[in-house]
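Each chain carries a letter (A, B, C, D, E, F, G and H) given by its place in the written order, and its residues are counted from 1.
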Amino acid sequence: MANKIIIDEMLCKGCALCTVACPQSLITMATELNKHGFFPAVISAENLERCSGCTLCALVCPDVAIKVFRGVKVD
Amino acid sequence: MANKIIIDEMLCKGCALCTVACPQSLITMATELNKHGFFPAVISAENLERCSGCTLCALVCPDVAIKVFRGVKVD
Amino acid sequence: MNHDVFIAGFGGQGVLLIGNLLAYTTILEGNQASYFPAYGVEKRGGAATCTIVMSDTSVGSPVVGAPEAALLLNPLSMEKYYSKIRSGGFALINSSLIDDDGSSRADLQRVLIPANDMALEIGDARLVNMIILGAYVEYSKVVSVDSLAATLKEVLPERNHRFLPMNHKALEAGALFCRQNLAKK
Amino acid sequence: MNHDVFIAGFGGQGVLLIGNLLAYTTILEGNQASYFPAYGVEKRGGAATCTIVMSDTSVGSPVVGAPEAALLLNPLSMEKYYSKIRSGGFALINSSLIDDDGSSRADLQRVLIPANDMALEIGDARLVNMIILGAYVEYSKVVSVDSLAATLKEVLPERNHRFLPMNHKALEAGALFCRQNLAKK
Amino acid sequence: MTKRLFVKGNEAIAMGALEAGCRYYFGYPITPQSDIPEYISRELPKLGGQFIQAESEIASINMLLGASSCGARAMTSSSSPGISLKQEGISYMAGSECPGVIVNVCRSGPGLGGIDASQADYFQAVKGGGHGGYHIIVLAPDSVQEMYDLVMLAFDMSDRYRVPAMILADAVIGQMKEGLTQHRYVAPDDLAPKDWALIGEGKAGEQKVVKSLYLGDGELEAHNNKLHAKYAVMQEKEVRFEAVELDDAELVVTAYGSTARIAKTAVRLAREQGLKVGLLRPITLFPFPNAAYQKYASNGQKVLCFELNNGQMVDDVRLAIPRSEVAFYGRAPGAGSLPTPEEFLAQICKHYEA
Amino acid sequence: MTKRLFVKGNEAIAMGALEAGCRYYFGYPITPQSDIPEYISRELPKLGGQFIQAESEIASINMLLGASSCGARAMTSSSSPGISLKQEGISYMAGSECPGVIVNVCRSGPGLGGIDASQADYFQAVKGGGHGGYHIIVLAPDSVQEMYDLVMLAFDMSDRYRVPAMILADAVIGQMKEGLTQHRYVAPDDLAPKDWALIGEGKAGEQKVVKSLYLGDGELEAHNNKLHAKYAVMQEKEVRFEAVELDDAELVVTAYGSTARIAKTAVRLAREQGLKVGLLRPITLFPFPNAAYQKYASNGQKVLCFELNNGQMVDDVRLAIPRSEVAFYGRAPGAGSLPTPEEFLAQICKHYEA
Amino acid sequence: MTTEMKQVFSRPDSLKDAATHFCPGCQHGTIHRLVAEAMDYFGIKDQTIGVASVGCSVFLYGYFDIDVIEAPHGRAPAVATGAKRVHPGRPVFTYQGDGDLAAIGTAEIIHTANRGELLTVIFANNTTYGMTGGQMAPTSLPGQKTSTTPVGRNVATDGYPIKMAELLSGLDGTAYSVRVAVDTPKHVMQAGKAIRKAFQTQLDGKGFAFVEVLSTCPTNWGMSPVAANQRVADEMIPYFPLGVYKDATA
Amino acid sequence: MTTEMKQVFSRPDSLKDAATHFCPGCQHGTIHRLVAEAMDYFGIKDQTIGVASVGCSVFLYGYFDIDVIEAPHGRAPAVATGAKRVHPGRPVFTYQGDGDLAAIGTAEIIHTANRGELLTVIFANNTTYGMTGGQMAPTSLPGQKTSTTPVGRNVATDGYPIKMAELLSGLDGTAYSVRVAVDTPKHVMQAGKAIRKAFQTQLDGKGFAFVEVLSTCPTNWGMSPVAANQRVADEMIPYFPLGVYKDATA
């Protein structure tokens, strides 16, 4: 069941705290500046696959730039 | 050997704290107002005889109105 | 009607009390009055003075340079303030405590009143201030002894009403003494 | 001699540094100069602007309403300040980042300089500001490129002196570019 | 409540404030105004209000800022040194357009000085002792009755303009007792509801913010111009003064507060001597009664300004009537330095002849 | 030390103070003056002096009172809101005849306002923002060089008269950089030894007391009159101003500090247009250069006063020359509201024609 | 059988949908979020009054969707006292920095706590004056280099870092005093709980509630956000131990 | 063999030969004497700088034969700090009342102690504002009637009596913090020792020294001096326990 995070590039200031917080180190920093002149955090498609939705990254994000979703079974 | 205290009537404000402090209750309050309009503390001649010179009265006097003397043998 | 009086004594002589009583009574009689106390950093002991200004129109200055009348209750007040009294004015001197008979000024009406002795006669040393006040209103006629007594009744708490008669007596004694001694001259 | 120049870019482009360098060099050459930075509550990020006023007699106002010259390093500065330049004045536009060629104003001398590209050519993206400054002094002649380089040597700590040659190169590249492009017209 | 009472000026302020609906008081003891907190600590709880003896004058003024921001009628009082400490807070209130009443029962300074009456805080009150070039409403009672009446006016003006209001009294007016006729407070019907304030049980939709910080380009300038526009309106509509025998006066005496009381007797005495002398007594020190001076003292009259300081209000008088001859007589405040009617009369005669 | 430096106005103040022998500094951070404590915290220890970052502006001014009472040259600095908090302390220093230098690098208010340059604290500085009707010396530098020079003068004047001295600057003069020529401080030889102060290793016989409390009859009045007598002497001897092209000027522009700098360019531009315009720049705001205005602006000249506020110094100009026509043009301070030379020039032309 | 996405972490309602002016990695942002989550938790967003102090957190009104009063530097507790006395029914909190609360505001915080005012105080301790450019704060650590302690804080002349959570716990009016950090997810969760409890304490009328949150100032510390965050664990927590210093709410 | 008289109790040198303005039984007088005795003991009368606060003890210079600076209300510790930094070689003490030190002067005393300034602070705690006529002080006891707490101090709204000796002992800069009384000869002797030690602490450069002395205000308590003295034992000491709260001088 797929979990995921969405990083709002416009809110991200590139502090990298989330990269440290992620137990699986799934988050990395972009090499392109965003409109505000920051290198935002990004998560690759394959890393996203492995995201457990644990929210640890979001918890430490000072700019509330990360949304976390968890896949739940419904039948 | 005689000990004694001298109460400075001009400094005394008649608070009576010394009367309480004296272990032998040797000090009393005058019935005549002094120049400042207070009833000063006094010690009678006979009471003075019994003064031990313990300085307790002087210690509690807020107005430093009491001097204490002790008789010391010299030969 | 425009009157002003300066009252001075030492703390405990009830100077401020009669000042209040005089001013308030004046007001209750429908006139204007101001009461201005002198107060010190130490709100205790020492000298007590106040100025009362009374008028049937309106009170201007609550302070007066040369008072029309002065009630002097102790020697210190006599020393400090006697000279300040307006020429042609009135001085009430508590001769029980003040030796100076004020003869240095011929330009004043003077009454030497042995207030402390009179008070003891009436039966309470604390009545000195009432005797003085009675004497003053007899001189100034600004209010009557009876209305002073009435005010006293109003301001005194019930439990102290037993003192009223004595106070009334003191006011009248003061008034009487003043009448006689003013008459003399 | 009376000159003023307004420099604007975003933090990190070294705007304040060349402002300081220009003013200080002017002073070292025996003239007067004032340097006035705009600063915000947040002392960080965002836009960076400063005004330098130079004179051989005395500097009056350190602030200028319509600057004689403006060095615009990023698009935002172009938007905000291009219109403010004094008619007949001079605009240096960093065409590497700014698309607008400023043709909207015929009353100005304009030089479009691809400062970022030139900087990379010389070998360090951070040289943009030096290229711009070189171009400006070429235009204004207020100080020489060499004395700018000399000042730089004085203010830079020893350990950074290895960067001096590159900076000097950048200043000259800017000057050269400006000379050629002013000549064109 | 028509019976005449006999009370201290300080008590009259407290009574007037409570009658005007003041339900929050924050203060710190200081002579000669401590009767105010003492009276209010007795009476306000009975009315369900809150009395706080704060840890300092600074805390008091800031509690006032907080309470007023919530739409309540609130007051603080102090005397000169304490008022100096409130200057930052007053500036914040002015900048935040936060109403509120501040009482200064002046004592003599500078520094610790003494506890006698003084008028040496005039500049501080009317020019703005705090930073930023704001103004506050300043009312100067000269009797116990006015202490009662003007504190009500202060609340109304302060709420109307969202400008803090100060009662500028002194030890004479605060400590003296006179007759007082109480009367019910009636709110002026032009007072708008305080929809700018943090009222009620929560924000109804839009957010309420009380602040003085303006960082956007031009915002603070516009804000300041708005404040000064309000001052101009007050100058139009709110000026109050007392005119005593001015119509035929050749010498116009001017004074406020306690010195005005002394001057009144001096003027009466001068009239008794047949001198054409009158008194112009500003009741609002800010806004200042410029027009009144122009009316009564710019056609050849001489002006004589009395103050219990080394010369402050006299500047505003001179600015109001630059072409008139304005003389000044003052006493520096302090123990034993209260001027007398006789003293003022002598000055009147001197300048009348001259 | 003749080499020309290129420094911030704030740094120049710090350098000038240390050169003048200031060895004790007490301050609290606030924009736009924090460069001053930052510079001094670096340099003063090297000179064996003491730098204290106090817990507040109030603690700072009182540490200054303590240090100055001991005969030392000491300084504090802040900006508008912080200066408001110092008013009680300044009043105490004035009342205690305690010298000392206070720097106000003004920012815009009221309240928190903003951090841009402002001249809206003029009244507070020159009229006495604290209680008690005292005055302090107020010097208004208009360049980085003057920041350095005037702080030395401030120490000398303050010591000479035992009157606190304030440097009234603003964010423009404090934040701008210019050339600075340092020079050795030379103490004026008329400075008396501070035998009133708690100097040395103990009291030599008689007791030294620094206080502002005067309770005896007439004492405080006499003390206040003594203070005002000193102010009169300063008015005689210490006034400083700059006159730019005033001799033939028909329009006299007047401004101080940062607005004077802007006005200088405007006046130059006006002269280039052939207008007979000059500038009168007060350097001492207290004592105020009344005589200069009478000399240059009371014979038919028009006066135009520029300020970065809604009108304050203009009052003193009008009081100095009541019969002259004095116009005012000001901008309320705030972000993006700094006037430009072009703007002032337009006003000059307008009033020149009129 | 399908799986659907459920959002498990989202922006709290009480927080406006706006980017902050805080520097990258500044934990004022984290603390703001936790305060907003507490207001969401109790559903008091529309009742709550926030009192902003002067510091980098001065723009409270820009980020929280609540009524706000802006207090002079250090005086937020006094302003909040005035507001709370007028509206005893509305939750009131102050948000203050260490310069604001532990230096100029010392008298106000101590007496407000001592009066047991029903307030919640959020204290962001970042060991420096952030807004004014990194001067020494009362909480700066021994030896810490700041713009006014160029060679490091010298306790002999500059004094010792003040421990507010401990100091205030000594006052009878304080019902709850705690110190937390937001450097790790675990600490963030604990901090969230503490802030909730501090509001609960007020809502229950138990007394004055104080939460000291250790926070970073990467800009003025001259560190990367990650390094700054590490400093919290390595230097701050050892000097400012986390924990509950007083809990009289039971 | 004869006997001759030796004076065993006399007026200390450091005290001027003047009657005080204090009310009858006011223990400011006793405390003044003890401070004078301490200066005599160390022979520092000619070096010492006294900083007077605003309260009934404002006339320090009238009673002590030493140099004096008069500080604004509550600011004596800041004034003393300025003086001490200029004259590190001179003993400096402040003498402050409870309104002065524990209310308006809270920030100054706390930060002065926290800086470990080499000062001696004498704190006369008489649970009221004596000079201004008996208003509530931060130290007024629960239920105590004062002119601003007509029905008695209500801790719920007026807060709790502050215990300064305890509070200051929590600061690292404080070397010595003690509470004494002068209601009995024994306590007077102990108080004398404590004040001496507080000066010793300064002279030895050990740090900040604080002596809280429980004192009477018969006038504003509306009691006879003897009854007031009794209140110290019956009500004050139980709430403000005597003793040494910190001694880091060893």
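One rule holds in what follows: contacts are C-beta pairs under 8 Å (C-beta built on N, C-alpha and C of every residue); 3 or more make two chains touch, one makes a residue touch a chain.
In this text the structure is predicted, and so the values were computed from the model without any measurement.
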*chain G and chain E - chains in contact with each*: F, H
*Where each step is a move between two chains that touch, what is the least number of such steps from chain E to chain F?*
1
*Taking each chain's centre as the mean of its C-alpha atoms, give the chain farthest from chain B.*
D
*chain C-chain G separation of Cα centroids, rounded to whole Å*: 65
*Find the geometric centre of each of chain G and chain H from their Cα atoms only, then give the gap between the two centres in Å, rounded to an integer.*
36
*Could you put a whole-Å number on the gap between the CA centroids of chain A and chain F?*
55
_Roughly how far is chain B from chain G, centre to centre by C-alpha average, rounded to an integer in Å?_
61
*Taking each residue of chain C in turn, which ones touch at least two of the other chains?*
41, 45
*Indicate the residues of chain A shared as contacts by at least two other chains.*
none
*Mind pulling the residue numbers of chain H that touch at least two other chains?*
23, 58, 70, 72, 103-104, 106-107, 110-111, 115, 131, 133, 138, 157-158
*Hey, which residues of chain G end up touching chain H in the complex?*
103-107, 110-111, 114-116, 138, 155-160, 162, 166-167, 170-173
_For a test of understanding, state which residues of chain H touch chain B in their complex under the given definition._
1-11, 15, 19-20, 22-30, 33, 182-185, 188-189, 218, 224-226, 229
*Can you check the complex and tell me which residues of chain F touch chain H?*
24, 26, 50, 52, 54-56, 58-60, 62-72, 74, 88-89, 92, 96, 198, 201-203, 207-213
*Touching residues (chain side chain B, partner chain H) in the complex*: 1-2, 4, 10-11, 13-17, 19-21, 36, 38, 53, 55-56, 58-64, 66-75
*In their shared complex, at which residues does chain C touch chain E?*
20, 23-24, 27-28, 32-37, 39, 41, 58-66
